[in-house]
Amino acid sequence: MDKPTLVLGVIGADVHAVGNRILDYAFTQAGFQVINIGVLASQEEFINAAIETDAQALLVSSLYGHGEIDCRGLREKCEEAGIGDILIYVGGNLVVGKQDFGEVEQRFLEMGFDRVYPPGIMPERPIADLKRDLGLEEGAGGGEHPAHGLRQHLH
Amino acid sequence: MEVTNRRLDQDEFERERQEVLRQWMTGGEVDLAEAVEYQKNLPRHKVLAYKLEQGKEQGITYAQPRAGVALINEHIELLRFLQDEGGADMLPTTIDSYTRQNRYTEAQGGIEESRTVGRSMLNGFPAVNHGVNACRRVVESVNVPVQVRHGTPDARLLAEITLAGGFTDFEGGGISYNIPYAKDVPLADTIRHWQYVDRLVGMYEEKGVRINREPFGPLTGTLVPPCISHAVAVIEAVLAVEQGVKSLTLGYGQCGNLLQDVAAVHTLTQLAEEYLAKLGLGPVSLTTVFHQWMGGFPQDEAKAYGVISWGAATAALAKASKVIVKTPHEALGIPTKEANAAGIRATKQVLNMLKDQRLPRTEELKAEEDIIRAETRAILDKVLELGDGDMALGAVRSFQAGVIDVPFAPSRFNAGKILPARDHQGAVRILDFGNVPFGQEIRQFHQEMIGKRGKAESRDPSFQMVIDDIYAIGKGMLVGRPR
Amino acid sequence: MEVTNRRLDQDEFERERQEVLRQWMTGGEVDLAEAVEYQKNLPRHKVLAYKLEQGKEQGITYAQPRAGVALINEHIELLRFLQDEGGADMLPTTIDSYTRQNRYTEAQGGIEESRTVGRSMLNGFPAVNHGVNACRRVVESVNVPVQVRHGTPDARLLAEITLAGGFTDFEGGGISYNIPYAKDVPLADTIRHWQYVDRLVGMYEEKGVRINREPFGPLTGTLVPPCISHAVAVIEAVLAVEQGVKSLTLGYGQCGNLLQDVAAVHTLTQLAEEYLAKLGLGPVSLTTVFHQWMGGFPQDEAKAYGVISWGAATAALAKASKVIVKTPHEALGIPTKEANAAGIRATKQVLNMLKDQRLPRTEELKAEEDIIRAETRAILDKVLELGDGDMALGAVRSFQAGVIDVPFAPSRFNAGKILPARDHQGAVRILDFGNVPFGQEIRQFHQEMIGKRGKAESRDPSFQMVIDDIYAIGKGMLVGRPR
Amino acid sequence: MDKPTLVLGVIGADVHAVGNRILDYAFTQAGFQVINIGVLASQEEFINAAIETDAQALLVSSLYGHGEIDCRGLREKCEEAGIGDILIYVGGNLVVGKQDFGEVEQRFLEMGFDRVYPPGIMPERPIADLKRDLGLEEGAGGGEHPAHGLRQHLH
């Protein structure tokens, strides 16, 4: 079986490269095909890379605080590009300042993201989540994570 | 584009200047002669270069925060708060990330949206969009010098506006604000753009206005070995002085091992003086800035205070001229003004308590200094060799060749082959040299030091060790030991 | 009463014991044989002496808070919180001030009132009133060793109850819990009472139970020169070992100057070993405890974090066995459990980051060590001389004569003539020697060091300088400079 | 004119001696006759010393947290002893823990203290206050401090 493919990148005018490098390494180690478009990535670059490589997921990082502005409309653009059902995860320091994560998560779920991670998350959890969401884990299917369910519901 | 380390031709500079000032509408507000007058009328205590020289004489380490928000009044309120409640010795104006990428239209959007939602949607102060007079309002609202802090590969317009706006210090450099801050911008371009900035500063200098320049020391802030950041700092000092800059603060980001950090601060200006002299440049006024740990922070505020205070202690024991302060919110997001002021107060408590203490010179300290000097010279001599004696040319070619290689940098003009790791005492050493031109002796030293740690941890040094080190301070350690 | 340094006669001890156990009704709960069984069944990781030895082997500096409230459940909740949320390596049970003065009736009132108003009206845990089983509930509720920390001149009953109650470490001593903690209690009395405590510990030891003893190092916590606290620590070690104690942790309160503090930690056990050997005592297991600054703290929490972290850094660089942690509430009142845990976390962040670093041995460090050794020996040799070779007798006579003199101590059995002041680097020196028996060389050293500071401040050393130093750290300085 | 006399001490089972030593020095320097009864002082010792020396004020310190228990009834005992009108100031760390000072002040004013000081107060203010309350300052009389006024009112 082919390795599941994902597109990894840091969105907007954001140059934080360290977490990106670690995620690349960790997801590769975990058996994924990682297409790493690096920092300063536009929404278009994410979508084009996904279409070209037939990826099953986008892993969007935003560290520098402009995540809310930069991520807006990404789901809609995916839909327009015909990959509206692709999984989209987002993580990092998504907003300016120390804000209640519950509210931040809610905002991003409403923007169409499937999973939203709090600052400083270690790779283990998103790796497990992605395997589950892609149905790669034994006896596991997508959607049982409440957040994921919520997004499905909102769309 | 090819770039050489020669003072820009005045005519060429003037032509370029007209273009630069047209990049955004606020460029029209800049009038150099009037700006010089304005700067000359600033009281001395608001001029960063003078304050630094004063501190140097008295052996004081100053504390300076980072701070910037989207809107002018809120920004002024923030700076005043840091001055009054934090006791900041000098203030910053941190520029937002759109401005840093010259995306002024997006910055304008951020300004407007910030007005609408009532909180800053930008991670800094969009000085270009706000323009010269807004900058002056900022400078006039506080009683200490204000510096521009950013991360802008092409900062020509930003420099024009903020220097005309009364800021007396400008951070950055053609390498240090490219390699860690950009992906696709050729090094020759940014070096050239920063020659413009330095030339502008030189012109102010020639007209009797002293602007301090501060190359950005920490680079990616993450396990950068001192020799790498020192090499960059020295090159940027040389480039700046060539353009007429007379006052420089060289930077270094804390690694965490006391001896290595103190040795790094001690050697930094020494090496700059050495190469300036070698190239027939100077004299200039050199001071140092020590950055509290620039990599990943612990989320817990109490632990963050621990990291902050240890940075302050190291800065004081090393007698750095100033220290850039982190905050207890570091791992989570741009700090509130309260958290920012708290970081300054914790820092100043430690600085004050250690004001009259320094780390005594020991064999071990001397050994660290020697190794940093040897490493930095190995790099810089190769840079000069590759550049046929020209630092600018040499820098471009050195990055191409991986002779200078910044760990974890996003730029594709950086080789990205070097891998740093901590040794058993937490000093940052090099695990994979890439093409950094070290002789056998230096290589062996690094291998032995990391080897000792590997042995203590019963594992072979590998990328996993590097990852463990990246996470370590965030998890409450210095050295990323296996669980 | 006269007191000599001889092991208590067993019959006399037994008779006294019956009296002691009748001082408060809970004394009846103590059954030594059963208590020994109970102690023997404690897992090793709950025994402080073993944990300290383990740490010593691994070069770890442990962190321990202070904490105690009036009611049992609340006290357990507090300790668990400090263990789980603070990461305390070992826990305390701090005893309230009524119990410390053997005012058990008032303590009972405090317990009842605390129940009524729903917050602790006592500044500690009244262990005697609560009794043996309550103590065991405390010990059983946590996973790390628990120590009794107090300040009790006559702690005989407290020791009986808490050791039977499963505590494995007991702070204090006949001098260190008298002079800073009492006004009218003759020194011979408290030395005698503490011989009882030490003898009790010796009896546990003989029955195979190791209880660690910890003389209280910081004394009044306020500008105490290392030689004074070292002299007291060594005397208390000698007295304890004579009674059969085999495991001791010697204490020192941070003064704030790195070199002096590290030198103090280094010399502390050395000097104890030296005098124990001289008197034919030992071998015993010796470890050290470093107290973060024990004098007046800044009220601002961020500044307090700075002080706390600097203490942690010094402890780690000195490789003390453990550090007693202050909290960001120090200047204001007994900390909440959250503030207490935060102090531990800040401390542990720094301890962990500096775990593998130490201050290198330099001329300057050696010079500080030499002076502390010379001073302490001058005092201790005089003590032995005055006591005709007997440390207990010598201690009593030395306090009478002002040979040992603790600054700012409330006891009328302390001469109170000595006046400490900081030198230009913040090390604590002596301005007025009183009758402390220093030779010309040592005196001159102190005068010169304080003289240099006076010169830098253009003032003659005086009581005003001492006052300025008392306030200094609270005001964000180390050295109290004139404004 | 004779120096105004005050009794200084640390009440209850409290042994904090440093502040006491500084207050002694500062009030003496400021021209007062200071009768320092030291630490571990009982209410009776304060009162006896005041009667013996004909003192105009009691300066009560409490640092260790039991201040509330220890200070209760002091005003009443003074009244019984016939010195009910003596000025009583209290300062230090009066209660257990970090509590709102306004409330603490209120509690002690109600207990009959004339002035109540927050933790870590420097000697200058109480010296000025005492001079004013004793009418020693030019053109100044007692009672214009709101706290003082309040106590007068409560009694």
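Chains here go by letter, A, B, C and D, matching the order in which they are written, and residues are numbered from 1 within each.
The definition used in the following text is that a residue touches a chain if its C-beta (ideal position, glycine included) is under 8 Å from a C-beta of that chain, and two chains touch if they have at least 3 such contacts.
All values derive from a computational prediction rather than experimental measurement.
A.B. asks: If you walk from chain to touching chain, how few steps can bring you from chain A to chain C?
C.D. replies: The fewest steps needed to get from chain A to chain C is 2.
A.B. asks: Let me check something: if the centre of a chain is the mean of its CA atoms, which chain is farthest from chain A?
C.D. replies: It is D.
A.B. asks: At what distance in angstrom does the C-alpha mean of chain C lie from that of chain B?
C.D. replies: Inter-chain centre distance comes to 45 Å.
A.B. asks: For chain A and chain D, what's the span in angstrom between their mean Cα positions?
C.D. replies: 65
A.B. asks: How many Å are there between the centre of chain A and the centre of chain B, using C-alpha atoms for each centre?
C.D. replies: Those two chain centres are 31 Å apart.
A.B. asks: I'd like to verify one number: the distance from the centre of chain B to the centre of chain D, where each centre is the average of its C-alpha atoms, in whole angstrom.
C.D. replies: It comes to 55 Å between the two C-alpha centres.
A.B. asks: Using the touch rule from the top of the page, what pairs of chains touch, sorted by label?
C.D. replies: Taking the chains two at a time, the touching pairs are A-B, B-C, C-D.
A.B. asks: Where on chain B is chain A touching in the complex?
C.D. replies: 97-98, 100-101, 103, 106, 109-110, 113, 119-123, 151, 180-184, 220, 222, 295-296, 299, 329, 331-336, 339, 408-410, 463, 467, 470-471, 474
A.B. asks: Where on chain D does chain C make contact in their complex?
C.D. replies: For chain D paired with chain C, touching residues are 12-15, 17-18, 20-22, 25, 38-40, 64-66, 68-69, 93, 95-99, 119-120, 122.
A.B. asks: Contact residues on chain C for chain B in the complex?
C.D. replies: 256-259, 298, 300-303, 305-310, 312-313, 317, 341-350, 352-357, 360-365, 424-426, 473, 476-479
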